[in-house]
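Have a look at the structure below, then the notes.
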Amino acid sequence: MAVELRYDTDVSETVAATERFIADYVLPLEDEFVGDMTAAGGDDLRVEMQGKAKAAGIFAPHAPVEYGGLGYNMSDRAPVFEAGGRSLFGPIALNIGAPDEGNVHMLSHIASEGQKQQFLAPLAAGDVRSAFAMTEPAPGAGADPSALRSSATRTDGGWKINGHKWFITGADGAGFYIIMARTSGEPGSRGGATMFLAPAPDPAIEIVRHVGTIDKAGIGGHCEIRFHDLFVPDENVLGEVDEGFRYAQVRLGPARMTHVMRWLGVAVRAHEVAVDYVARREAFGTLLGDLGMIQQMVAENVIDLAASRALLVKACHELDLGHHAGDETSIAKTFAAEAYSRVLDRSIQMCGGTGVTDDLPLARLQQELRPFRIYDGPSEVHRWALAKRAVGKAKKKIHAENERAGTAR
Amino acid sequence: MAVELRYDTDVSETVAATERFIADYVLPLEDEFVGDMTAAGGDDLRVEMQGKAKAAGIFAPHAPVEYGGLGYNMSDRAPVFEAGGRSLFGPIALNIGAPDEGNVHMLSHIASEGQKQQFLAPLAAGDVRSAFAMTEPAPGAGADPSALRSSATRTDGGWKINGHKWFITGADGAGFYIIMARTSGEPGSRGGATMFLAPAPDPAIEIVRHVGTIDKAGIGGHCEIRFHDLFVPDENVLGEVDEGFRYAQVRLGPARMTHVMRWLGVAVRAHEVAVDYVARREAFGTLLGDLGMIQQMVAENVIDLAASRALLVKACHELDLGHHAGDETSIAKTFAAEAYSRVLDRSIQMCGGTGVTDDLPLARLQQELRPFRIYDGPSEVHRWALAKRAVGKAKKKIHAENERAGTAR
Amino acid sequence: MAVELRYDTDVSETVAATERFIADYVLPLEDEFVGDMTAAGGDDLRVEMQGKAKAAGIFAPHAPVEYGGLGYNMSDRAPVFEAGGRSLFGPIALNIGAPDEGNVHMLSHIASEGQKQQFLAPLAAGDVRSAFAMTEPAPGAGADPSALRSSATRTDGGWKINGHKWFITGADGAGFYIIMARTSGEPGSRGGATMFLAPAPDPAIEIVRHVGTIDKAGIGGHCEIRFHDLFVPDENVLGEVDEGFRYAQVRLGPARMTHVMRWLGVAVRAHEVAVDYVARREAFGTLLGDLGMIQQMVAENVIDLAASRALLVKACHELDLGHHAGDETSIAKTFAAEAYSRVLDRSIQMCGGTGVTDDLPLARLQQELRPFRIYDGPSEVHRWALAKRAVGKAKKKIHAENERAGTAR
Amino acid sequence: MAVELRYDTDVSETVAATERFIADYVLPLEDEFVGDMTAAGGDDLRVEMQGKAKAAGIFAPHAPVEYGGLGYNMSDRAPVFEAGGRSLFGPIALNIGAPDEGNVHMLSHIASEGQKQQFLAPLAAGDVRSAFAMTEPAPGAGADPSALRSSATRTDGGWKINGHKWFITGADGAGFYIIMARTSGEPGSRGGATMFLAPAPDPAIEIVRHVGTIDKAGIGGHCEIRFHDLFVPDENVLGEVDEGFRYAQVRLGPARMTHVMRWLGVAVRAHEVAVDYVARREAFGTLLGDLGMIQQMVAENVIDLAASRALLVKACHELDLGHHAGDETSIAKTFAAEAYSRVLDRSIQMCGGTGVTDDLPLARLQQELRPFRIYDGPSEVHRWALAKRAVGKAKKKIHAENERAGTAR
């Protein structure tokens, strides 16, 4: 039999340890910041939390063992990241937050040995933070990567980068950037992007502003950035020139899934908070949790969470098999982002007036979660990609039939 | 022909004047407070805006003419309140925000001549603000009014009120309170509430805290309050003793509808912001607004807004006919609150990353709107009431059939 | 005050008489055909029912008074058609079924005096049935009218029509057809359709088959038709040559609304059947109708029905004012068609196993209703039209701003 | 690593063989019955098809090897049943239709050796059909099993059964029944049901009628049955006396999942039919499948199918581990039944007018599918069970906390 959905003992132990760590240490910390979650307490708190996570043996489960991590594959990351995701501060504590976690993943796969020493090692250890500079304000690269406008031009011994980016998560305070810039072709054409590694801060990197997003708890903000003739030496080209779009895919599929894992923790937490609430409170002479309309919301949460997790398991397994898993990751991301939104919304509704107050974490978790249906590809773009592949397959089949029938169409 | 849905000329002119007032004066003001909407700029700004609204001839359209208002009925209030509601600051400027607007409505209907002079006149004129103290923290009166615990006991020449309230909108800084307290019966029994008028501040009224809700733009907060032996003289009993629950209904139906009017303005504004955005921005070589999935969202917004407005028109007409309109107001409130939520959510989604930033007002409008599905009766309570009436009617019919058939069931 | 939603006394009396007629006479008749609704009992039963409807003074409320009808406008038709629509046989009995009702409407507006005598008079009286031959199988005119392929070419004293149609409701047994054929331009170009009146049967009109649709209860089927050199004399051109697309709009808006009226009757009936069921039956020791999840379905039905009716009232009023009402009719049709589907589905679900049996009419009503989201324009086409207008308005405004700013875009 | 979602080679081969069998042999057969699917062609066709399935080596994959099956566990059944389920006739051909498949499963687990020889052997071989007589008309056992009214009373050497059942699938023509009857306790009390094996036909078993359900393609109907003093000897008691409710659970979880498997085949087929349609047809100058609103429906189908399959895989795995899997099977059944309904509905909508005709199988598949949200427990009952467990867990935790805190609640 080949269907097997159990985790090995060491993974289960890491999950349990992470749950304890979050419940006993991180959530109480998070509570201290109710009212202002901005930057999740900042870098000092980050360093403190990461020290504790190292001591607990749960730090950086995704990082290669030789860089201090647990070397877990996607399937095994899932339950650990979910456990860590329960607190908005958890991913920072475990060093599994965006964008660092995705950058660790990508550097592990693409970076040269020297680059690994210089960039991956300190990042995996939590000694620095990082940024991934791809998204651009309109009319540049957003949901449509081929619109990329930032450019790198050849210069002596390296490249000169100019461009305008925004939504660069964690940029403020990052120790280095991975920058996506066009090295050939024109905006609108696909071919010709390259990834560059650039230590920061650097006078050629201007942090224009923190974009004022509805989610606040990320460290280092979502920044608007300008590159002014930023010089990058040849040895800091990540992978091959002009292969940037392909590498972005290497990063994006798994990064999408780790978002799904972390936000699953948030959604589960919200559900539990709400169930606990309705299991305590009465109205109309009955426990709220025994009323049919509340039960309906509870059950729909249960179903949404189970389906999200099942799709996540499937997509991770495909990625672990080395597949591109474009469909599986788009499906899991789109479904989960929407399901979590529903879960958060129902959880608030279940708690009535209390649900929209700071007395419970629900309203602020909802704010943090809202952008997930847009970040990493809006649901509409994923749906479009899924449909294109499905309809494209049908077109191909019809074309083949027509060919066989000798009828040119 | 008796179906007629046009507004008289004077109403249409008030609407147009309100639209200009909001666009030219209030929205630019609101923009100055991006980043911190708390209390909508405070009482000084309120007074300034109300002066301008008076000058524009659009102040207090709902207040009786003899108290400086326009004397509009519910049907005519609808388009004016919608126009005023486009800005979060608009209702304050026009003196049509909660809870003052509902209190003006109720005092006009129930207060004695003396009470009108003392309380209604300054409230209608914007000289003071007011509060309506009904909701209590669990296990008190929330969605279930009969759970009322605050009590008023007889004392020499009046009443002594003790109790614990929360979500008392506008309480901080209010010039007087309308307080709902139990004067007979026990929590869980329906009969026996009375409304009291109490000037504020008063040492017997303790403002425990501003409850930290997700909506920030109300003036005077949503407060937690304790009454400590608050004395209210007999002449400040509003209406009859023990008739409070009935009066609450007088207030609640119309108040529900004016919420629906004001939030309709917000939803229309959000929709227009998003449509403007997709009519400017391109992706994948096409204008966003020409893409099918975006068109679907645009159309669903259009439908949701039209249906909300149509249900509002119907409910207002029923109220103007003097009907209780329990079904009609529950239907309009429930549908609209959920429809507006969908409209806001889609509008954000249509704008992609920009939608979750402060660069557009959408994300903060969504936050302000979220509680509307809970305040003034959660959707679930309205659905329950609607179903109870529908099933109750069927039960009665079945019972009558059985009676006729001579069969005891 | 100009908002008025009451019906005049004579209309209310017609509604009440129609309700009695349906309950006492038509529904028992319908019950005799459970198991095979095909053609609603056929033309003999139609004639019999129409006789009774004439006697009851409720026949053809939409037809001009001079042709034996009640001369009601759209607003007044609404409640009568709803009452008649409760039974699948009701519209046939009242002579207000598709396509005859829409044809009466169009002929009243467009036909010449002679055409009225020859075609409208017997149709309004129920002496003949009619067909409206517009829709074509792919790649002809379907949701996209401009794809029209059937052609009429000039010949001596008239026109010769060739073409292929389907979904021609009521064609089998119709006394005449109104045929839409291209008189200029090419498929894909909008201009150049003409409407023709053609007595039937005629050897040049071939009824290829009854298309096997999921709805069965229409009289005369949904037919596939071929015209083989069908000759139509000049005097049978309806209105002006090449004005067919414009006339189609005259017919389509109101026809859409009368569909919404009739199906509202079906949806209300289904809801009442289901509420009656849950008000009688117990499970888990409780009356079904007192269970929260059932109450939720009841309430959602109530809301969906109210919103559909409110949008219908609005659209009818706009049509009665002589407006094109493209938005209002698209909104009402799209919302109602989807709302009724939800109502039917919930009603079945409320009745559990019994809901999917012939013991209740719900499952067969659902089958009859399903196509309504596709007929008269699929929801997607209406949404597209709504979005196009909304985004188009924004584009125009932006263009005007740009013009004012002196910037060519 | 313990997450593994691949099927062993023999299973994959069985799946492929089943797909070929259905495409090449069964679907063309099904097409011959368009217009009247009743009883799927009857028993003669069943025998013929089963002969072919045996020859193809795909017969009875769920039956024990010693009884001629393939002995597959739940996980391995899933893809085979899905492949077989694509045609309404497929499950009959493979002998994996309800109720026989579930009865084989239950007899394999509970029957005595002698009972296996007498009942399981011929059933597994397709020599007879069977019925499972549990559901009763109101006020008997429906969604609430404890309402069981049919009774078995002790008599010489056995039991005498009286009772009234309905929705007894396949009863007409069944070679034996498994009958659930009360052997102790009262309707409304849980304890005390027993399962009995009864050869059929038998004069004491009256088939009152075929209940006229919207789904037609089952063989042997959904029958209303009365037992009149039916004698069952002791050796035909299935398992232990008074353990019937427990055994029902043994049957119901897996039976629910095999429904999910088979209907998944139907949903996938419908989706493919619709995608093929939109990949061929143009409107408004574009291929339907390239229009955004159609792409949205395609993508939502893809997501719904993937999530249904993922939840199914999870539930089957739990069952294979020997767990009760009450949550997992309720989640998978509820989600899938609703998701398939959405898939069918969207598939019809994608095909426009053609979608509601017999020219495509969609409308009739939708009819067959509709009851699945009710049969085997309506969605509402599953949601209620899920919520009860979730809230119950929270209550228990709160109680434990209170205990620890020394506070009696």
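Remarks
Think of it as A, B, C and D in the order they're written, each chain with its own count starting at 1.
The criterion applied here is as follows: contacts are C-beta pairs under 8 Å (C-beta built on N, C-alpha and C of every residue); 3 or more make two chains touch, one makes a residue touch a chain.
Small disclaimer: the values here were computed from a predicted structure and weren't measured.
Of the two chain pairs examined here, B-D and A-D, the one linked by more C-beta pairs in contact is A-D.
A centroid comparison over C-alpha atoms places C as the chain most distant from chain A.
Look at where the CA atoms of chain B average out and do the same for chain D: the two points lie 50 Å apart.
Note on chain placement: the centre of chain A and the centre of chain D lie 39 Å apart, centres being C-alpha means. Along chain B, residues 292-296, 380, 383-384 each make contact with two or more other chains.
The residues of chain A lying in touch with chain D in their complex are 1-8, 11, 73, 75-76, 272, 275-276, 278-280, 289-290, 292, 294-296, 298-300, 302-303, 306-307, 310-311, 313-314, 316-317, 320, 327-328, 331, 334-335, 380, 382-384, 386-388, 390-391, 393-395, 397-398.
Interface residues of chain D, counted against chain C in their complex, comprise 34-35, 135, 138-139, 142-144, 147, 166-167, 188, 211-215, 281-285, 291, 293-294, 348-349, 352-359, 363-364, 366-367, 370-371, 373-375, 378-380, 383-384. Considering their complex, residues 291-296 of chain A touch chain C.
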